[in-house]
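What follows is subunit A paired twice: with subunit B in the first complex and subunit C in the second.
Entry: the complex of A and B
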């Protein structure tokens, strides 16, 4: 069967998924607004900060009126939806700027952190997991499993602070935080890359155990499969058997794992951004939640939901591409 | 079999391509590093403004680095002329203020400052459609006018003695903002002022880069650039200070003391006017008895709170006017340690006799009340627990309750609350509303409905009289009356702690207000800082 044949039917599937995505996104955003309505936090007081205690009630009421946050929830929701359809994401009360510019300034850094980490985790866990499975019970296997269980039990912020203590303070090899050198006159890519080594490393190390252990077990399992034993019996070299036969069989469930593990990666990224003072979406999401900032929360939720839906779709397409038995007709 | 490999490789390749796209997507204009001659100073704080516009509450008490007010404050927080040629004067009726502008002051974009800019700034603050909370503090302003290009006249609705203190507000250029929606203007991210520094770039959540204003009317800054790094987490800020990234950083007292032993750093503990205390509502049947309030005032161990809970970074508080203020009355200062014996005698005399479980009783009513504190504030929680322990020793049972502000608000009339307030600039600013009977029960203004004719008269006198000697007498009376009535248990004034590199020169700490971030921090005079 040719590859195009295998992905035949991808078009209708993508279209169908997009149709399903619309009600999912609408339900998510309504849920966001309903949760916000249940929150007793006053966005005007949140915005005023310490001045909330010296500002008159009349002054605070004017702020709420300016933002329309006292309107009934359905009115706020309809206004938000109609603006959204016109491409306007609304006004963030917690950051006091348009939601679109909050996202534009920050989403890129979060995506960069998550993207680079994901790529690193995928490559490293496939490689390490397969090698550990090949010499099952050996020194490398046991060492890797011990390390994986140890890291799995460490909170990510603790790993981050420990990494700063070792690599930034004791050894002085890497910067302790920030996006660029604090005194840099511009944002150069080499500087950003230098500053991202520790955050990416910490996030990757904290996320990797799951993947490594999974790959190790799956490969160990498939090394006992008939077709792998047959390949061995034919006298194929060990490397070909491991990566060409055993790992390939183990790869399919792994794709599912990547799809479902993405939200946890996002959660870890928020903590890593805090520890390394990176200007990503993490800090603003927390501030938006604390300050009842519906528009910003709704936009971030929508983006996250869209990413998860897209990841699921990509997983299914990858499944179809990788496994000849899977047909894209469901 | 062989079909698989290209597919997998394609997957990797497309992942990499996505990565590159992301990289390209958030690419910032990268210019080659230009070597600047002079020093760059780096300071770190947790407190990032949401807009760099004085009209939207940025640096309203001056020292905003980017803007200047008509007046400014010196090392001792005394008012001196800023954009005005001399300190403006109040008319004898206390209702008119005329300010003359300096000649030749330019905004960062090269345009000249005129009286129209001053008028525009104040009118913008007073405009109800503008999201400003400063409006509450300027409700005495009836009109602002500019009879000529160098003169500004403020007309007040009622006499207001400390009005000059409100003229520290930074002036914005009318030309760049007129006709725009100030709440959403691009100016708020890329502001233009007259101050010692102009904004080079601001990456929200990361840092603010300021460059020296060569044409600053007060003289060119002694350094070329200032970087303000925004690091929200205290531990991370301490670690990055330790890594040598910052010249100065604001840190909580306990983290700052970790730098005390190291000669490459210097720790500054700066006095503030920011006090913490317990508001005792008159609507509570137990707290309504003045004897109970006075006994509690004697029973709290302020010295232990300062040394134990604040790590020594504070002073015992006995009233709402900080001891560093010229209006402070020394006669109200009591013993910093607890005096449970005197407190017990007071309660005995008032008829509160020891009852079951060690709790005193009067007319069948046990001496117990609830003490609320905002749950997210660990210092207030610690103070609430300390008050609870001290009260127990004199037979008063306190139940501490950590709540959110929305749960606290409806209960302030009848339950005690751990609150914080204070400003170093004028005693009228907070106290007029906090202790005036006219504001009883209005939100956070006088939530405990404290009423005293003597206090009301003294506060009004302090506001109406222009003569400083009369004002001082009025506030002395106000403080004595509060010390007798005890509507609040004043516990402690906080100190703000900063860590500096020892090589930094020119630091001049002054008494600080509660808010200290980019503006109005230890680095209020950073334009005169140098590195040795």
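Entry: the complex of A and C
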């Protein structure tokens, strides 16, 4: 079968996924909206901030009328969701600017953090996991697994503080936070890279255990496959067998699982950004939560979910294209 | 002449005195840690009462010493003392939230697994879709709308952590359905409810209990993460997340110990639960041996 032939079933799969994802996301948005409506916070007073104490009743009433917060809930929901679908994400009450411009200014940094971390974790976990599987039960394997379980039990923000204490404060090698030097007048890439070493490292280390343990188990499994045994029997060097045969077999299922781990990575990124005061989505999310900023929080949650779903779909399709044994039935 | 090199190590002697197998020393240690953690946090208010809002501004940022085993924080509060209470709150929130998530996941997984067919397919697709939501973001949303409080944190964990339980219960039920003893029970005239109660439930409950136990660390992390962000428990309350958050400020002034103890407590308790749960899983399913034997 040709490569395009393998993807022939993609259309119906995309349709079926959408058929589930759209109602579920719609139901989730209703649930979120209901929670927002049940929230004891008055959006008008929230928006006015300290001025709410001095503002006249008429002004507040005017605000409420402008936003239609006193309309029946279904009307409000329909207005919100139809704006959302048309690309109008609403007005952030905590930042006093359109939600879309908040996302535009911030999402790039978060994507950069997540992207670099993911690349690093993938390379490191494939290498370390394969090596551990090669001598299963050996010193390296045992050490790596113990380290993985230990790291897995550490909250990422605590790991971040520990990294700051050691590498930024005690040793003074790296900056403790921020994206650029305080004295810098513009954003230079080398400065940003220097500031990102610690956050990326911390996020990578905290996410790595799951990936490393998975690769190790998968490679250990595939080292017992017939074609790997055959490669060994032909006298191919260990390195070739491990990376060329065993790891290759284990690689594809691993790559699709990466998609399912993305939500975890997003959560980790929010925490790491907070620890290192990076100007990504994490800080705005926390500020929005403290200010009960419904439009911004709802938009961030729904948009990231849509991105993750799209990424999952893309990896599944890529998997099907790369491996002829896989049939798309989702 | 006795061969000195062949003399067993003290660790091995202790192990043989206690009649433990190699893997069991870790399990016993983990058990002891958990017993101390649970009993300690239950008895703490009687043995070592804490005034949550008390401060001692003449004793701020003292390094660890005999008087203050883990040092004092920015407000002169004893870190070790507050860590005990932080653990108490975290374990309480973790256990209750894990229970909420288990009930939710158990019901949904149970419906999918017993009814099967189209209901199962739809429910599991829904679960897959919800799994794509970053659960920390969803959790933040929930506490933000309910305002930070104990109940909000429990709701935040419970509503975001039931997916794995639903999957476990569902797949366990689906594999049980094809087993001969179920056919035999149905052939013997047992009704749907009786099969569920007498034959399926006894097999599912141990898995469910294991899933709940394994969820407690996740619940604790979620709670500490929310508190760390300032969105969890009220800031004056000694909780592990609040303490690490407080310690962030002290860290920059050189008082690294303020965040150390609460973090160590989380790590030790989490590891202990993981070790015990791994052994428990071995017992439940001897075919797949877990490899966590520290």
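In this text, the second predicted complex is superposed on the first by the 258 of 330 C-alpha atoms of A that agree within 3 Å, B and C clash if a C-alpha of one lies under 4 Å from a C-alpha of the other, contacts with A are read in each partner's own complex, and residues count from 1 in each chain.
Here is the rule we use: a contact is a pair of C-beta atoms (placed from the backbone, for glycine too) under 8 Å apart; a residue touches a chain by one contact, two chains touch by 3 or more.
These figures come from a predicted structure and were not determined experimentally.
Once the two structures are overlaid, the count of subunit A residues touched is higher for B than for its counterpart among subunit B and subunit C. Once the two complexes are laid over each other on the shared chain, residue contacts for A:284 go to subunit B alone; subunit C is not touched. Residue contacts after overlaying the shared chain place A:297 against subunit C, while subunit B stays out of touching range. Contact with subunit B, but none with subunit C, is seen for A:178 once the two complexes are overlaid on the shared chain. Of the two partner chains placed by superposition, subunit B and subunit C are both touched by A:274.
Look at A:24: by the touch rule set out above, it reaches subunit C but stays clear of subunit B. In the overlay built on the shared chain, the residue A:165 is in contact with subunit B and with subunit C.
In the superposition on chain A, A:112 contacts subunit B only, with no contact to subunit C. Contact with subunit C, but none with subunit B, is seen for A:35 once the two complexes are overlaid on the shared chain.
Overlap of the subunit B and subunit C contact sets on subunit A: residues 40-41, 161, 164-165, 169, 176, 274-275. If you check the complex, the residues on subunit A that touch subunit C are 20-21, 24-25, 28, 32, 35-36, 38-41, 145-146, 149-150, 152-155, 157-158, 161-162, 164-165, 169, 176, 260, 262-264, 266-267, 270-271, 274-275, 285-286, 288-290, 292-294, 297-298, 300-301, 304-305, 308-309, 312. Taken in their complex, subunit C has these residues touching subunit A: 122, 125-126, 128-138, 140-147, 217, 221, 224-225, 228-231, 244, 247-248, 251-252, 254, 256, 259, 262-263, 266-267, 270-271, 274, 291-292, 294.
Interface residues of subunit A facing subunit B in the complex, by the touch rule stated above, are 3, 40-42, 45, 47-60, 62-63, 66-67, 91, 94-98, 102, 105-106, 108-109, 111-112, 115-116, 118-119, 122-123, 161, 164-165, 168-169, 172, 175-180, 182-189, 244, 248, 251, 274-280, 283-284, 318, 321-322.
By the touch rule above, subunit B contacts subunit A in their complex via residues 1, 3-5, 7-8, 11-12, 15-16, 18-19, 22-23, 25-34, 36, 40, 42, 50-51, 56-57, 128-129, 131, 133-137, 139, 183-184, 188-189, 203-207, 209, 225, 227, 229-233, 235-236, 239-240, 242-243, 245-246, 404-407, 421, 429-430, 433, 442-444, 514-515.
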